[in-house]
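As written, the chain order gives the labels A, B, C and D, with residue 1 at the start of each chain.
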Amino acid sequence: MSAQNRVSNQTKVITGNAAAAYGAMLCRPDVVAAYPITPQSELIEQLAQFHADGILDCEYVTVEGENSAQNVVCGASMAGGRTFTATSSYGLVYMYDAMFNTAGYRAPVVMINVNREPPGIHAVCSGQQDMISVRDTGWVQLIAETCQEILDLTIQAFRLAEDYSIQLPVIINYDGYYLSFLAESVNIPAIEDVDKYLSVLKSQPKRPTLIPGEAIGCGSHGIGMGYVELRRKHMAAMDRVMPIVDVIDEEFGQAFGRRYGGQIETYRTEDADIVLVTSGSAVGTARTVIDAKREEGMKVGLVKLRLYRPFPVLRLSDALKGKKAIGVLDRSICFGWGCGPLYMETKAISSNIGHVPMLSFIDGLANMDITKEHIGQMIDTIFKASQGDSYQEVTWLP
Amino acid sequence: MSGKEIRFHGRGGQGAVMAAKMLASVMAREGKHVASFPMYGFERRGMPVIAFTRFNDEIIREKTQIYAPDCLMVIDPTLLSLETLFTGLKPGGILILNSPRQLETQPSQNLEKAGIINATHVALCEIGRDIPNTCLIGAMAKTTGWFSLDSVIKGMEDYLTGSMLKKNIRNAERGYDEVEVQRWQ
Amino acid sequence: MAVTEKKECCIFETEASWSYANSHLLCLKTGEWRTERPVVNREICNSCGICFTYCPPQCMVDDGDYYKANLEFCKGCGICAKECPKGAITMRSEGDYANECPK
Amino acid sequence: MSTIEKKRPKVFEYFQSEDQFAGGVAFCAGCALELNVRFISKVMGKNTVLVGTPSCSAPVLNGQNVAAWHKLGHYACTMTGVASSATGLARYYQRAGIDANVVCFTGDGCAQDIGFQTLSGAAERNEKMIYICYDNEGYMNTGIQRSSATPFGASTSTTPVGSQSQGKTTGSKNMPLIMSMHDIPYVATATLSHLEDYAQKLVKAKEKAKEGFAYIHVFCPCLVGWKIPMDDSIQVCRAAVRTNYFPLWEAVDGKFQMTHKVNKPKPVQELTSRLGKFKHLNDENLAILQSKVNKRYKLLQALCEAPE
């Protein structure tokens, strides 16, 4: 039995952080670099233990800050390695400049971001504001709902990032506390099955790497139209991410029997009159409330946003087209628009879906619990708006 | 029996979070869907800590804190003075308490029975350190009847090995054997 | 919406900014910057090579038994003249050579 | 790229390859930095990957679109990420069994100021790489602002001389000594007037980088920033050594030694009088600068004489 399979190929009760560590380990990264931060620390401790136990065979760089973590993985990626890092909140914003670098270099780095409120009003608490703040760095961003999805998405992220047609860094977001420390039964696949799932990457052309002695320069100045061309290429690659996320998820389903819907997952939306859009751990709670409302006869559905960057415009438009009212639940805020950021983006596709009442709900800041009661209130409000009642566009809960 | 929700109260360093996680592993051995998570800001020794565990035959979707627990586990007897300790306890609720003495009065109208054991004393005997959590899980198995002692021992194997596992098995067994159950109507 | 139309790429074959010096080596004709040029007096020069050693663009070249500046790249800084232990190099105004045919 | 056969100065013996840079590149006429990079390329050889950052060297080290000015491997990154990016490269090369000299090449502003944390971190982790800092005592590329390497009394665009000011009021960080305190295998100072000494140090650094972190601090004048004539940069380097303003030393596995002893050091005025940035220096401030030089030299001497 391989060293990896002593701890994998089984179902175990593990936390979201551990699930991410297992996911990363199973993908055999060459270089891992990370700096501890609550609520991510358990993840990198788990990886360090895997490394110490000979289960994770990699260069594990215990850096002196997140900015360095990002630069280490970017450098190692450009040299040709598979790389992984993880951070949260303050750490994420501390690597802001380096994140632009990684994305611009088209380095297929995979990074976990355990969502936590950013600095300013100090709070060692869950919240998605951190991921919103790096929206335009050019990274792909995905959001997980359960511990199992964290593990599965980590594996899918390597498949996505390193795809020759993509070559982009990927962030996997999951809620601090509510998912990072949540222990659930998680199926940990056999490493050989993960190898097989990722083997398609080996059949693709090799991306350029910085090989010593070959007169190659990485990161040359983009001059004039050269700069413009690379920007367009970056954007085009982002466009290609959307359909390929669906394909990768389907391939994953075939290999491991678990499917997540690709860019978005729709839950009971088909015949729904009203829809709630949300992401992360709140989705799970929302599912139970939707089920209860359905029992009461209310035609309500749910859209789980899995892909945040690029924004799944077409899939989301399809899911929301023809609905009578739409609510969006955000765990963060959007300055300038005075609403939730996912709401703002959803509103931007209203020309695709028709002008119906759209409502923004802000809940779950700083570890505040997004309770069933809150979601029930949201759905009732959306329902009333769909019936022609006047409504308030933005609601803060609690 | 369908789903149950348990809230754990302890102080940083006493293993409340570990107890909650371990219970999830135990119930996974019993074939249940499980979910467990703690709620704290900083990890500090002595600071009151809350953790939650859910188990159910059905898949557990919700990711909320637990507001109406079926059972409370109180790892530190001094936490009994906490005003909010019994908040939300369901009628017919159960308390698992680490304490050297029985309760003099029924602390909450909704409390039906309390499994009480001096788990600190047991842990000091068996492990040599004040780690009462495995003893209390053993006591919980007996008091609630929701799961077997055998599953407790198997669940602990996810977290402990070698002599620490052996000592904790003994700790849990004594919890199971020695817990005293107080009942109210 | 949101799908970037395809455009012919014209500069890079790669997705990111990679440079390839073997096929695309840049070079400036820095000789054009010069206002003075080093002239070696072979009567004095003992070919010690110090001028070459310190020349920032490393453009003192072998000229038989002696060294001379490669005027294509020599920026005319005068370091060679200043460092020459024999004082064999003098900086002469380019104006004196204005009638020379440029190469 | 030129070759020469006859009467080769001794320094030629250290050259591993020909000059990897194009004949004409965009450095100022007389720039010591140009000599510096060309010299490094010759001594370090073709297997070198230079890691650089926005600075005076960037327009030459960085390519422009698909074209480049030199044939060394090159990785451009942010000023905050030089030693960390190089860590990533070096670690992957080690893992993949690829032979490479990973050489960070930055100015003092990056090494001592904005990139200091990551440099210190890489040194503490004893990453197998070489870091060369070319010290031109300030931010020359952005218009001659002060850095933590700018010496006491120097006039820069952010420590200008005015009715209330006589240039920089604090001294410079003793960067090579700080690096030597990281318990790394190799630290050295070098300058461009003493090229054989520099070449020996580059060779040693290359060797010691197989064990861990090697740091070389190179005194590298800027004609424009220091206000000196374009033929004078080598003379300035020499004056810095002769006055003990910039002593040449190395520390191999923590053992300090002078690599070029100056028997009768000249007063620091011999250096400052050559530099426009010190033109305003009055006797009082000159004495302060001299005392800083003396103090720093004494400390270094003590380290050199320290018993093993």
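Before moving on, here are some points about what is shown:
Quick note on the criterion: a contact is a pair of C-beta atoms (placed from the backbone, for glycine too) under 8 Å apart; a residue touches a chain by one contact, two chains touch by 3 or more.
Source: prediction; values computed, not measured.
Among the remaining chains, those touching chain B and also chain C are A.
The greater number of contacting C-beta pairs, out of the two interfaces C-D and A-B, is seen for C-D.
Centroid analysis (C-alpha atoms only) places C farthest from chain B.
Inter-chain spacing, taken between the CA centroids of chain C and chain D, is 23 Å. Rounded to a whole number, the gap between the C-alpha centres of chain A and chain B is 34 angstrom. The distance from the centre of chain A to the centre of chain C, with each centre set as the mean of the Cα atoms, comes to 52 Å. Rounded to whole angstrom, the centroid-to-centroid distance between chain B and chain D, based on C-alpha atoms, equals 63 Å.
Shown for chain D are the residues that touch two or more other chains, namely 62-68, 71, 74.
Annotation for chain C: residues 11-12, 17-22 touch two or more other chains. Across the assembly, chain B contributes no residue in contact with two or more other chains. If you sketch which chains touch which, the pattern fits none of the simple shapes: not an open path, not a single ring, not a star, and not all-to-all.
Chain pairs that touch one another are A-B, A-C, A-D, C-D.
Residues of chain A touching chain B in their complex: 11-13, 15, 38, 124-125, 175, 177-179, 181-185, 281-282, 284-285, 287-288, 367, 369-372. Those residues of chain C that touch chain D in the shared complex are 11-13, 17-31, 33-34, 47-50, 52-62, 65, 67, 70, 72-73, 75-79, 81-83, 91. For chain A in complex with chain D, the residues that touch the partner chain are 30-31, 33, 58-59, 61-65, 67-81, 83, 97-98, 101, 210-223, 226. Residue ranges of chain D in contact with chain C, taken from their complex: 2-9, 11-12, 19, 22-27, 29-32, 34-35, 38, 62-71, 74, 192, 195, 230-235. Across the complex, chain A is touched by residues 1-4, 6-7, 9-12, 14-22 of chain C.
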